[in-house]
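Each chain gets a letter, A, B and C, in the order it is written, and its residues are counted from 1.
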């Protein structure tokens, strides 16, 4: 089977799913955090870049409220007619595609976002930040093991606050590693993480702490 | 049970592929699934379903030998069992043996306390086994649900930059030193949450016989004979009372006091007979210290 | 202006925007990173909870591929007809609303979203989780008595995964009590623990077992 045929097959497979290839693409776009290029999307969906680009433009138009009738997908028997724009839009920014809230609603969304925010970090966030600061680069699973609780949402908050950032992936586990940012240093009033106070040497086995956690929990 | 013992239970559970419903136990027999049971109840249920038996005393009698064989096999295989885990298996094995030995046929009247105890042990075992079975089934359902649900991915994307920019500036009050302290606290291995409930409060605080002898000696040396009632009138606890009584016996042996009791069950009067200067409660023997304090 | 009027105004304001209140709600749903209650959404949009709940159900139906024509928004002149399900769905889980990719696309989406997927729980962990879910708040000793084995390390794992949490101590024994988290509800796709399957059908004639246990074991 040639590569072309394989890709054709991929499309047929997608069209068999409820909502077809469009819905499959939507599913991906809805949950990815980082913008994805059409090449990446094509590879993930196992279709050609041309097909993905058609679908992307199609979705983009639909979200913006044009009436859309996609000829490719017509074959599997559905038609989409939409006259009102959705609350979200599909944008191609810096070479990658991602779904954003529509700018018309920026005020409302902004108000909503602000409402739930406090100006202080919770104790859980502070402790997580402390662990990351002293153990960076470090994965969430690791921080979670050290703190004994799930830290996913706290890590998101800290990232959102610009205090920590993604610093690549662990070559072994493939997990995202986090480190503190220069904004963090700024807030701490120090020039580099080396200036963070030394942890007291009599703290039981800080050197051996890795083994302790690894052995008993991971 | 220290943290070092804990991982073994997980290890046993994780070594094999998680077994599905016990009712669908593979024909392959339990030898190949040696390490797959997550506990004695799981094993028991596994054996019962392997023999297609109901959970009755017949089933228990039938599988007792196999249950015990299983434990032996694990030993032979050099399975490194956590003590507390092994003991759970052993407790159940012992109960099974008891039940088997008694044949558990309460055909006639229940005759003695031993029979009743055995019946209770049997009922308790059934109840626990059935309850465990229910939770195991529920766990299966939950596992399927979790797996189904894992096929849906939530949208949890980072806040768009222009909204993130709206966020109010963080209030930051930590100096690097305070932050360091916070880190030290967060990084310190947790005293792995108390592994057992403290029993300290179940024991009364230690009471020293010597100390009580000192108190008695002081009062009696004042001259007047005192009744035992008077001597224990201020005792706050039974333990203090007992200690004072023991102290009196000790002091009597040391010949520093004398008792007077007009008749059986009459009031006991205690009188000082010793040499005021020489006697000291610290000279009392150690005999009671250990037993009262521990 | 009464509060009622203010809320009316809020709705009128939203309807003036392209796509109306529905689109505004969609826009907000695009930025939440954890389930939002209808109260929170209503407050953010400045409309009543009833209005938001109508809109939410409307969107939910539409995403699932039913034909939807919302009478309220008809006034501002748009009609929505959709026959194919979208690639995502709107769900009310753990007491809040959130957008999820549709499960049909799990394989495809999984290629893009590496993180956030928890590995399968072991049989031991599942059983322990089940006991805690149905007996919460509950001590480890109690769970251990039901399962017949020590559960310390499994409880630690479940805590780390964020599925259970410390809920204080038992006033009598001083033992730490555990309960399930809202993350657990999310993973189970339910709104509250009351929605868990009934235990009784699996427990024939053992209603009094708790007392039995407590008297003899604890």
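Everything that follows uses one rule, which is that a residue touches a chain if its C-beta (ideal position, glycine included) is under 8 Å from a C-beta of that chain, and two chains touch if they have at least 3 such contacts.
Since the structure is predicted, the reported quantities are computational estimates derived from the model, not experimental observations.
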Chain at the geometric heart of the assembly (C-alpha centres): C
Greatest separation from subunit C - chain, by CA centre: B
Inter-chain centre distance, subunit B versus subunit C - centres from mean C-alpha coordinates, in Å: 37
Distance between the centres, which are taken as Cα means, of subunit B and subunit A, whole angstrom: 46
Averaged-CA centre spacing for the pair subunit C and subunit A, given as whole angstrom: 21
Residue numbers of subunit A (touch at least two other chains): 30-32, 100-101, 109, 113, 148, 156, 216
Multi-chain contact residues (two or more partners), subunit B: 3, 6-7, 153-160, 163
Contacting residues of subunit C [partner subunit B, same complex]: 29-31, 33-34, 88-89, 91, 98-103, 106, 109-110, 113, 116-118, 120-127, 129-131, 133-134, 141, 145-154, 156-157, 166, 173-176, 186-189, 196-197, 199, 202-204, 206, 209, 212-213, 216
Partner subunit A, residues of subunit B touching it in the complex: 3-4, 6-7, 153-160, 162-164, 166-172, 174-177, 179-180, 182-190
Residue ranges of subunit A in contact with subunit C within the complex: 14, 17-20, 22-32, 36, 40, 44-45, 65, 78-88, 99-102, 104-105, 108-109, 111-113, 115-116, 140, 144-145, 148-150, 152-153, 156, 174-176, 216-217
Sites on subunit B touched by subunit C in the complex: 1, 3, 5-7, 9-10, 13-14, 18-19, 36, 38-42, 82, 84-85, 88, 92, 124, 127-128, 130-143, 145-160, 163, 192-195, 197-198
